[in-house]
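Take a look at the structures below.
One chain, chain A, appears in both complexes that follow, with chain B as partner in the first and chain C in the second.
Up next, the complex of A and B:
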């Protein structure tokens, strides 16, 4: 069953579009990664799904209903990011009491164990926590609430490496025990890759790709070899990424739709074929820069 | 995972409890406002002196009027701030929509004002007690007569005045949050005249409520005004996104 459906979604802030003609369908009980560069529209999309933002155009349905101002959606969704603003007058243990009151599936034991494990002081106020600790606490809230739609918007901001790894592991374990729809956004795929089932790439407010992670890993291949040889065989339209290795040598990542004939031709000409790492591919596809960083330093 | 289908009133109930936990400063504010008011009151709200030949009669009125006035201000300002962005953000973390939020705010205002009313009444007596402690009974003291129906009316009138100030504050707060320009306009056109004019234009407004001799009509007038203000607030903040 489709839990999230966006049709031609637009969101405009003054003159700039944060989302433009975005169409996407998300199935229930998956872990989905939403990957895009800063400013690609990830937060706007996620906040729209969480009912916090009204789109300027198009249609959005979550659990089959319009999410804005919707009590049913609010009861079944939690949106976690590093900007969560808790009451300045509540201590951590009071926030946990409130969370238990509001969320039907709240698991106190899990919350307590995670709080203990990560060393969050229950008597601190939320704004007294360090950036990393605040993110950790927010993530714990997201996990323990066990909402049918759990949204983590860049949840690991400020967390150190080992905490990030622990968080992703906790997320995966809890998801396996209690399957639900979890959307995790990030500008990088690297650390997320191992826990995701699906990946959605977003660029300039549009969904440019939505694949299962297995298909995504096969999505492209890398070719390195003579520039002229590759360019003569490979159609320019399928090039995802291009990097000059030397005057004559080049590395090109292309759509994995080359014909047998092209592949044989390339191999005969000494072009090396390698798989493209999913993390690299997501970076190539969402890249918004012109050329490579090396081009900036090239003397004209 | 099965979906939960919350009903509005259970969410309002939970949100009220949440607000009760998270707005502790509201009651600290009440205490501070009333302590300041009591200090003012100790010096007498009004006094009159008369001379009869060799007798000078100095009458000092000790009442809780200052406490009442300060508590009205408290009721107004807490309500202006109640639905501010920070609080809406904190609401939004958990289960809410605009209806449940406004209803929970109204419940909070009513309960807070009940506490405000009780403290106004007790503080009024407290002021008189302290006055006797400090200045002693060195003159004749005339106490007003306190009857049960009289006290009940005192409670009711105080409570509904606080409700009136709160609902107006709630409306003004929501209008101010519509944009920076509107906020500036409200300060200029509402705050400005209050400070820089003799406020004679407010007299009919005060007369509308204050000159009402029937308690029932007084309550009805305030209830209608408050409902109108809160209705307008929900309308004004209908499409407000939390940012």
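Up next, the complex of A and C:
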């Protein structure tokens, strides 16, 4: 069953489109990675799904209903980011009690264990927590609420490496025990990719790709070798990314649709073939230009 | 085992190969239940769908069979299946790459055979 459905969604701020003609369907009980550059529209999309933003055009359905001003949605959805606001009067342990009253599936034991493990002080006020601690606490809130639709918007901001690893592991383990739909946005794919089932790439407010993570990893292939050899065999249209290695050598990433004949031809002429890492591929696909930072420093 | 996330081998293929190794080493025997997708997901810190894909490779290769509602089990003669397929597919592909590189470097059959024999001798010496 599809839990999220967006049809030709637009969101316009003054004259700028944050979302433009975005169409996407998400099935339930999966972990989905939402990847895009800063300003691509990730947060606008996620806040629209969480009912916090009204779109300018198109249609959005979550649990089959319009998410805005919707009680069913707010009881079944949690949106976690690093800007979460809590009452300044409430200490951490009081926020946990309030969350338990609101979320039907709330698991107190999980919350308490995670709070203890990550060393969050139960008697602190939320605005006194360090940036990393606040992110950790918000993430715990997201996990323990066990909402059918759980949205993490850049949840690891400020967390150090080991906490990020622990958080993603906790997310996976709790998902295995209690399957639900989890959307995680990030601009860092490599720490996240192994726990994902699907990946959604967005660029300039549009969904440009939605694949299973396995298909995504096989989507492209990297070729490095003699520029003339590669150019004579590979069609220019399928090039995703191009980088000059030297005067005569080049690295390109292409759509993985080369024929057997082309592959044999390339190999025979000494072209090296490599897989393209998911994190690199997502960067190539969401970049506005085909080149890279090196081009900026190229003397013309 | 730690998965190699940088390898060009997809994770689900690595899972399938790890399971094959477990069977070859008699860690799991005929008609015994193999790890579930959820156990594998927890063990290797991967999405259960990825783990399921690894298991399905082995079902398609005739190494595992499904019992509805009970899970997946090791088929009779699974070891022979695994060895046969590894020889016909993996090893043959490696040989194909080897020969291709040899051609590229203009190494003839005789020299290539000598190199292979040399490595075999070295390995025997080690063990």
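Following the convention adopted for this analysis, the second predicted complex is superposed on the first by the 298 of 300 C-alpha atoms of A that agree within 3 Å, B and C clash if a C-alpha of one lies under 4 Å from a C-alpha of the other, contacts with A are read in each partner's own complex, and residues count from 1 in each chain.
FYI, a contact is a pair of C-beta atoms (placed from the backbone, for glycine too) under 8 Å apart; a residue touches a chain by one contact, two chains touch by 3 or more.
What you are looking at is a predicted structure, and each value in this text was computed from that prediction instead of being measured.
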Dominant toucher of chain A (residue count), chain B or chain C: B
Which superposed partner A:196 touches (first chain B, second chain C, both, neither): second
Contacts of A:188 with chain B and chain C, given as first, second, both or neither: neither
Touching partner for A:214 - first (chain B), second (chain C), both, neither: second
Partner chain in contact with A:163 - chain B first, chain C second, else both or neither: neither
First (chain B), second (chain C), both or neither touched by A:148: first
First, second, both or neither for A:270, with chain B first and chain C second: second
Which superposed partner A:233 touches (first chain B, second chain C, both, neither): neither
Chain B versus chain C as contact partner of A:101, first or second or both or neither: first
Touching partner for A:87 - first (chain B), second (chain C), both, neither: first
Touching both chain B and chain C, residues of chain A: none
Contact set on chain A toward chain C in their complex: 30-31, 169, 172-173, 176, 190, 193-197, 212-214, 217-218, 267-268, 270, 274-275, 277
Chain A contact footprint on chain B (complex, rising order): 1-6, 8, 11, 14, 17-18, 21-25, 86-87, 89-90, 92-100, 239, 241-242
Of chain A, residues touching chain B in the complex: 29, 51-54, 63, 69-72, 74-76, 78, 84-90, 94, 97-99, 101-105, 141, 146, 148, 178-180
Chain A-facing residues of chain C, complex: 3, 5-6, 8, 10-12, 38, 41-42, 45-50, 53, 100, 104
